[in-house]
Amino acid sequence: MSAQKFPALLLGAALAFLTAFFLIPMTVVLVASLQDKAGGLSIAQYARVLADSYHLAVVLTTFRISIFTTLLCVALAYPLAWYLVRIVRWRWWRRACVILLVIPLFTSNIVRSFGWIVLLGRNGLVNDAAVALGLADRPMRILGTETAILVGMVYVLLPLAVLGIGNALLKVDRALESASDDLGATPLRTFLHITFPLTLPGVVASAVMVFTLATSAYVTPALLSGGRVTVLSMLIFQQYSATFDFSFGGALSIVLLALTLILVGVASRFGKVRT
Amino acid sequence: MIRRFFVTLIALLTLAYLVLPLVVILGSSVTTTPFLSFPPQGASLKWYATMLHEPGYVSAYATSTMLATSATALAMLLAVPAAIALARYEYAGKRSVHALLSAPMVLPHIVLAAALLQFGGSFGLVRNFPSLLVGHVVIVMPFILQSVMPLFTSGQLALEEASADLGATRLETFFLVTLPQIRPGLVAGAVIAFITSWINVEMSIFNTTAELNTIPVKLFNYVQYTIDPTIAAVSGATIVAAAIAILVLDLSIGLGMLDETP
Amino acid sequence: MPQPLLSLQGITKSFGSAPALREINLEIAHGEFVALLGPSGCGKTTLLRSIAGFVTPDSGRIQIDGVDMVGSPPHLRPLNTVFQHYALFPHMTVAQNAAYGPLRAGLSKREAETKAIEALAMVDMARFSERYPRELSGGQQQRVALARAVVNRPKLLLLDEPLSALDMKLRKRMQLELKQLQSSLGITFLFVTHDQEEAMAMADRIVLMNEGRIEQVGTGPQLYMQPRTRFAAEFIGEANFFDFRRSGGAIELNGGLATVATHAPDLPDRGLAVLRPEFLRLADASELSLEGCRFSATPLETLRLGSHDILYVQAQGHTMSVRLPGNRLPAHLPDQVELVFDPANLHLLCQEP
């Protein structure tokens, strides 16, 4: 059943709701971002974001952490995905691994980060192990560094990357690999020339998704930063909970929003990644 | 073969990495010591009992659950008709509508929350249950939409046409034929929506108060200042709940993730 | 003249810029078994769905028993459809599927059940009433779909390629059963198919469609023996084509291959002639005087198919097929053979090629 007219009755509620509680609030933020201290129209707030060295450093820190998170996620996710899709033979074990993979996704980010607070603290397991193995003379400060945030972010986003890359691997037509073998290629060459390129769109899509989530993440950096590292989302939070500078907060928000939209646009070029 | 061995090794180490923090939390939640310690010294469930007796935690659990339930319910009421409108009708602007309805899923939650704070604050929609509800519905509705839409296949269309052909009105077709058929997607979407709402921090953080709090926000505020076994117990409880939810989901509907194509 | 059951006037439909139906005019009488036949994309399914109400034509009128159907949604039209993949409700039993229509019409649960069992009995599926569709074979599902559609005794039953998913033997059996069902119920059947043999086997009349237009309407034999266009001749059965040109009181085939004396009154100067392969035969060496046309040809390929043989020959650059009863062809054919045909079997196409 299809009709040319707009199904207003069916869409009305959802559209009204999202307009009221998504579009309009975002517009309010946009408008606020275009106001300077005097209340007039200007892009002074955006200048503050990009021109001020401290704010720029925050943006760069956010990017830096996100890029490393993405690289590490993909580097770890590919082998794990390969293992689950290509190596594991027992269905029950694969299912168990997937369940283990998904459980963290269903726990709050606080809980997941909290685990790392315990592990990375001065009395945590990591320091204990480092001292015991002789890698360090005394407990190091790990929490409150970019490394800690990196560890936490990779942890939080890894399952999504594994699922995304795993799905890309599943879609590879095994007949193509058989053809490659048949034509005399070694398994390594088959992987490099056939399999990996075929998974590339899915890998890139997963990478972009991880990067997007990493740049907009709030909880994990906030908890693992120890007050010493600031990322963009934390800066935004400050404007709305402490400084109450909604104009500047708006500019920061729009910058983050624009960045995310660009990334989403790029990702959709590489096809959907279904988790 | 050596390559397989290394890949397997990395994979298993990665899996261990994924499981480690959860094990640490569960472990330290049963310690007998009043301070956080891993490995735990002794084993006791007293911190779980402490958590259950503190009214702050109990009411936060209740609020989180009520919020997640009502957000999911409201999201279903909004998303299902929208899914029908997107799957069964052709009209100008359809792609924009779909993009709008899916947007909250990809955009930074902290930005959405800040926007709602500024907007809602101007007319009193702050620091109350409706203000929390509204933010949660916005972010979970896309999950229901995404979960239900793939079920509107051409085979499903044939069933709906058959129903109409046999004399059923549009409403009868929806309740007698469509709803039973999209139920798996509806259930899966509802579960994901519920959990997403339950564990969410950003959409709640601006609107919680001392009396109206959710577990994630309570944890978030607490953890920044101190960590103790009680917090571990609260966290442990959520891990156990997540594990049960996933198991139930997999055993009943089947997660179907990374399954080999038959 | 009695009122037709179904009357289509000027039905036109385009999807975007692609035209699907162009000015379709058709009348179907009560109790007929009619086939909409054509290749994929010819518009037959679109036409069927327009009659059912799932597609709204851009223009034209659809009348059932004189009542205009435009603006009438599917659930209000006095017809029922059997869908290509049956569309049985998976979450309902066979009996519940069959009772669906009567229940929607307002019958009580008991009345609906009775009618459902009655309809299922007609297709010999009553004993499966408590099963679910997924437990049934394709043929069984098809019968249930049929029962579900006829239980309401609609004025018109539409069938969308009903037998396409069945294997050969089952198809042949169902063709017979459908015909029997139709005559015992007296309902008008309109079915869509791309299989010309199926159309010939079941339908009283065939509506041949091509590229959104009705190419020709007629009984099977009419379409076979008197196709009006090249498409019609090619789509139904096998055909050999000859270009012909009038010369005197005769027509000359393929620039002199053979000449046929004819007394047909209004002959066009040139055109296309059709000869079915079974009307060609090999001439005996002893046949000297004949009442036929004969010409030489070079044998190319032989297909021996048991019940009949097909011989492909080439004459003056044209390839033709000859259909012979089985087991008659010698094992080795000479380089040249003589072919004979009765000019009465040569059919001249009305339209220019």
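Letters A, B and C name the chains as they come in the text, with residue numbers starting at 1 for each one.
Please note the rule applied: a contact is a pair of C-beta atoms (placed from the backbone, for glycine too) under 8 Å apart; a residue touches a chain by one contact, two chains touch by 3 or more.
Quick caveat, the model's predicted, so the values are computed rather than measured.
S.K.: So which chain ends up closest to the centre of the protein, judged by Cα positions averaged per chain?
M.R.: That would be B.
S.K.: Among the chain pairs here, which one is joined by the most contacts?
M.R.: Of all chain pairs, the one joined by the most C-beta contacts is A-B.
S.K.: Can you compute the centre-to-centre distance for chain A and chain B, using the mean CA position of each chain? Integer Å is fine.
M.R.: Comparing mean C-alpha positions, chain B is 17 Å from chain A.
S.K.: Taking each chain's centre as the mean position of its Cα atoms, how many Å separate chain A from chain C?
M.R.: Once rounded, the distance between the two centres reads 59 Å.
S.K.: Just the number, please: Cα centre separation of chain B and chain C in whole Å.
M.R.: 55
S.K.: Tell me, which residues of chain A touch at least two other chains?
M.R.: 1
S.K.: If you look at chain C, which of its residues touch at least two other chains?
M.R.: Where chain C meets two or more other chains at a single residue, that happens at 54.
S.K.: Indicate the residues of chain B shared as contacts by at least two other chains.
M.R.: Residues 161, 164.
S.K.: Over in the complex, which chain B residues touch chain A? Could you list them?
M.R.: Within the complex, chain B touches chain A at residues 3-4, 7-8, 10-12, 14-15, 17-22, 24-25, 28, 36, 38, 77-79, 81-82, 84-85, 88-93, 97, 100-101, 103-104, 106-112, 114-120, 122, 134-135, 137-138, 141, 157, 160-161, 164, 195, 198-202, 205-206, 215-216, 219-220, 223-224, 227, 231-232, 235, 238-239, 242-243, 245-247, 250, 255, 257-258, 260-261.
S.K.: Which stretch or stretches of chain A touch chain B in the complex?
M.R.: 1-7, 9-11, 13-15, 17-18, 21-26, 28-29, 32, 76-77, 79-85, 87, 94-95, 97-104, 106-119, 124-125, 155, 158-159, 163, 166-167, 170, 187-188, 212, 215-216, 218-219, 222-223, 233, 236-237, 239-241, 246, 249-250, 253, 256-257, 260-261, 264, 275
S.K.: Can you check the complex and tell me which residues of chain B touch chain C?
M.R.: 155, 158-159, 161-169, 172, 176-177, 180-181
S.K.: Considering the complex alone, what residue numbers of chain C touch chain B?
M.R.: Touching chain B from chain C are residues 52-54, 73-75, 79-81, 83-85, 87-91, 100-101, 104-105, 148-149, 152.
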